[in-house]
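Each structure below is given as structure tokens.
Two complexes are shown next, each including chain A; its partner changes from chain B in the first to chain C in the second.
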Partner chain A sequence: MSDAWRLPPLAAVLVAVVLIVCAEAGGASMVRFKVELTRWARGVMLAHPEVHGLVGVRDVDERILDEALVKFDAGLRLFHLHAEGMGLVILATTAVAATLARGRRVRGVMIALLTAGGAGYPLGYLLWSWLIPHHGIERGKSIAEWFVWMPFGGAMIVALWWLAGLVVLRLARR
Partner chain B sequence: MSQGKAGTERWAAARVAANAAAHGVSGSAEYDDEVRARAVYSAEAGLSFFHTHAEGLGLILFFTSTVVASAVPWRRARVLLYALLGLGSLFPLGYLVYGVAALELGRDTGIALAETWILTPLGSATLAGLLGLAVALAARRRRA
Partner chain C sequence: MTLRVLPLLAFVVAPAPALAHHVGTYTPQDNELTTNFKQVKFSVQAGKFDVARRLFEAGALRAQMRAKAATLPPGLESGTRAALQAGDAPEVERRLMIFFAALARDLALEAGRQLVDARLAPEARATAGPRFLEAIWRYYNLIDFAVAMRDDKTSVAMRLAFDEAEGYAKAAAPAGAGLSDALRRIAQILTHLIDTSSTFARRNP
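Let's look at the complex of A and B:
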């Protein structure tokens, strides 16, 4: 087997690059539209007082709104961070899989899991941010966990352990 | 940053005092303490953002330029993408300017200067480079 690195499928590389583009655009938008985003989230929360436990007393409500807005902002930041990081993780791990996995089918499944898991996981943070004003911090987190973080993060974890096992196997056979 | 935190804070506070007019220092201790704390916090945030973004963008430049070298077959397109991605990788330096300018020119003026003249153009170069790479990859995929 050659020692040269093999390029992962173009589709996987494209997904990784587009994910990094989304991360960069998200980071820039967070700064550029900070006031507009905060105003939107606050407006939606005020329209759903029962979801956030708003009681109509300014001192109490402002504290609740502030906490939710901090989490809303944190979700956007975490999307920015994870999307950049996962874009790079997809590039690196799919290159390792393309180079070390021998069977065509095994390689295909592994690369598909790494790409889908890596690209889907950060979107959970974006979803969480969007859900906070509509459904509250905890319920929003729970929805994002079940529908995005667990399936996509799970796919990523499975694929990474599989890849780690493959690297160990190659080392043992040398 | 972590070892020199106390020294950085002292230096930042001294720069606020040296540029009192730019910070709108009024002579009222309570108000001035708040102004100083906000300016020092911004300077520290600039350093912290420099640290995280320099690590991230270094890796992004490394990986994306490798993808350009391996997957973009057109020479001129490669040169353009290298130029955009290389220029964009200087983006974190904008946060150093952000930190210093917030102390020297006043918090809001300094941050606006760094955002307008350094962070936005360099960030746009990175975005343009990445979008260009995505388009080149899609075009190559369609050809294949």
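Let's look at the complex of A and C:
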């Protein structure tokens, strides 16, 4: 087997690059539209007082709204950070998989898991942010966990352990 | 072989991200009233009465004192301003204590009303209790030291009543009669504190 690095499939590279682009665009939008985003989130929360447990007393409600807005902002920030990081992780890990995984099927599954898991996981933070004004912090988190973080994060973790095992195997066979 | 092991591995590892992913932490911030209170208090403690007076006159405390004048002891706002003008730190502290006690009392009364409001869903009443208690404590906590210095029995009574209310709020059915009673007791204690402190002021201008 050659020692040369192999390029991952172009589809995986495209996903990684688009993810990084989304991260940068998301970060820029957070700054540019901070006021509009906050106003939108606050408006949606005030339209659903029962979801957030608002009681109609400013001294009580301000704290609830403030916490939800902080978490809303945190979700956007975490999307920005994770999307940037996972884009690079996809590029690095799929390159390792493309180089070291021999079987076509194994390589394909591994790259698919790394790409889908890496690209999907950050979107959970975006989803969570969007869900907070509509469904509240905890319920929004629960939905994002079950539909995005667990399946995509799980896929990424499985694929990374698999890849680690593969590297150890190659090392042992040298 | 590897592909057969994969689903099993996924089953074992998949729940981990849900437990491990981080979503940030929230540190409660001061609202405009508590911020202004701290500004005035620290300026007074530093002996900077001119700074304290400016902060009071332009700040949320004075605006709120005016807005709530109907439920506050008469002359609270003008008296606070006069005390700042005169450089009378204990009097400023006493008047601010009365103000925050009144805010906390109003919250306790409103909480009591909402807890027995049949128009609200049981879930809404259940979540309202702890949230009102948090807001009550946020205001009372600012003045507890001043209360204890003047009337330690009231301070202890308030703490006991609050502990009791928190216990009921954390119970399975927080909107029950126990929480309403505890909130009523909090309101009574604070009303007593406001009355005695205001009476004292009238006797010793």
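Side notes on the structure shown:
Methods note: the second predicted complex is superposed on the first by the 174 of 174 C-alpha atoms of A that agree within 3 Å, B and C clash if a C-alpha of one lies under 4 Å from a C-alpha of the other, contacts with A are read in each partner's own complex, and residues count from 1 in each chain.
Methods note: a residue touches a chain if its C-beta (ideal position, glycine included) is under 8 Å from a C-beta of that chain, and two chains touch if they have at least 3 such contacts.
Owing to the predicted nature of the structure, the values given are computational and were not obtained by experimental measurement.
Of the two partner chains placed around the shared chain by superposition, neither chain B nor chain C is touched by A:D3. Contact comparison for chain A: of chain B and chain C, C touches the greater number of residues.
Once chain A of one complex is fitted onto chain A of the other, the partner contacts of A:W128 are limited to chain C, with no touch recorded for chain B. Of the two partner chains placed by the overlay, only chain C lies in contact with A:V60; chain B stays clear of it.
In the superposition on chain A, A:L78 contacts chain C only, with no contact to chain B.
In the superposed model, A:V70 lies in contact with chain C only, and not with chain B. The touching residues of chain B, when paired with chain A in their complex, are 56, 59-60, 63-64, 67, 70-71, 115, 120, 123, 126-127, 130-131, 133-134, 137-138, 140-141, 144.
Residues 2-3, 6, 9-10, 13-18, 21-24, 26, 28-29, 31, 33, 103, 107, 110, 114, 121, 123-124, 127-128, 131-132, 134-135, 138-139 of chain C are the ones that touch chain A when the two sit in their complex. The touching residues of chain A, counted against chain C in their complex, run 50, 53, 55, 57, 59-60, 62-64, 66-67, 70-71, 74-75, 77-78, 105-106, 109, 121, 124-125, 128, 141, 145-146, 149-151, 153-158, 161-162.
Of all the residues in chain A, the ones that touch chain B in their complex are 7, 10-11, 13-14, 17-18, 20-21, 24-25, 27-28, 31, 84-85, 87-88, 91-92.
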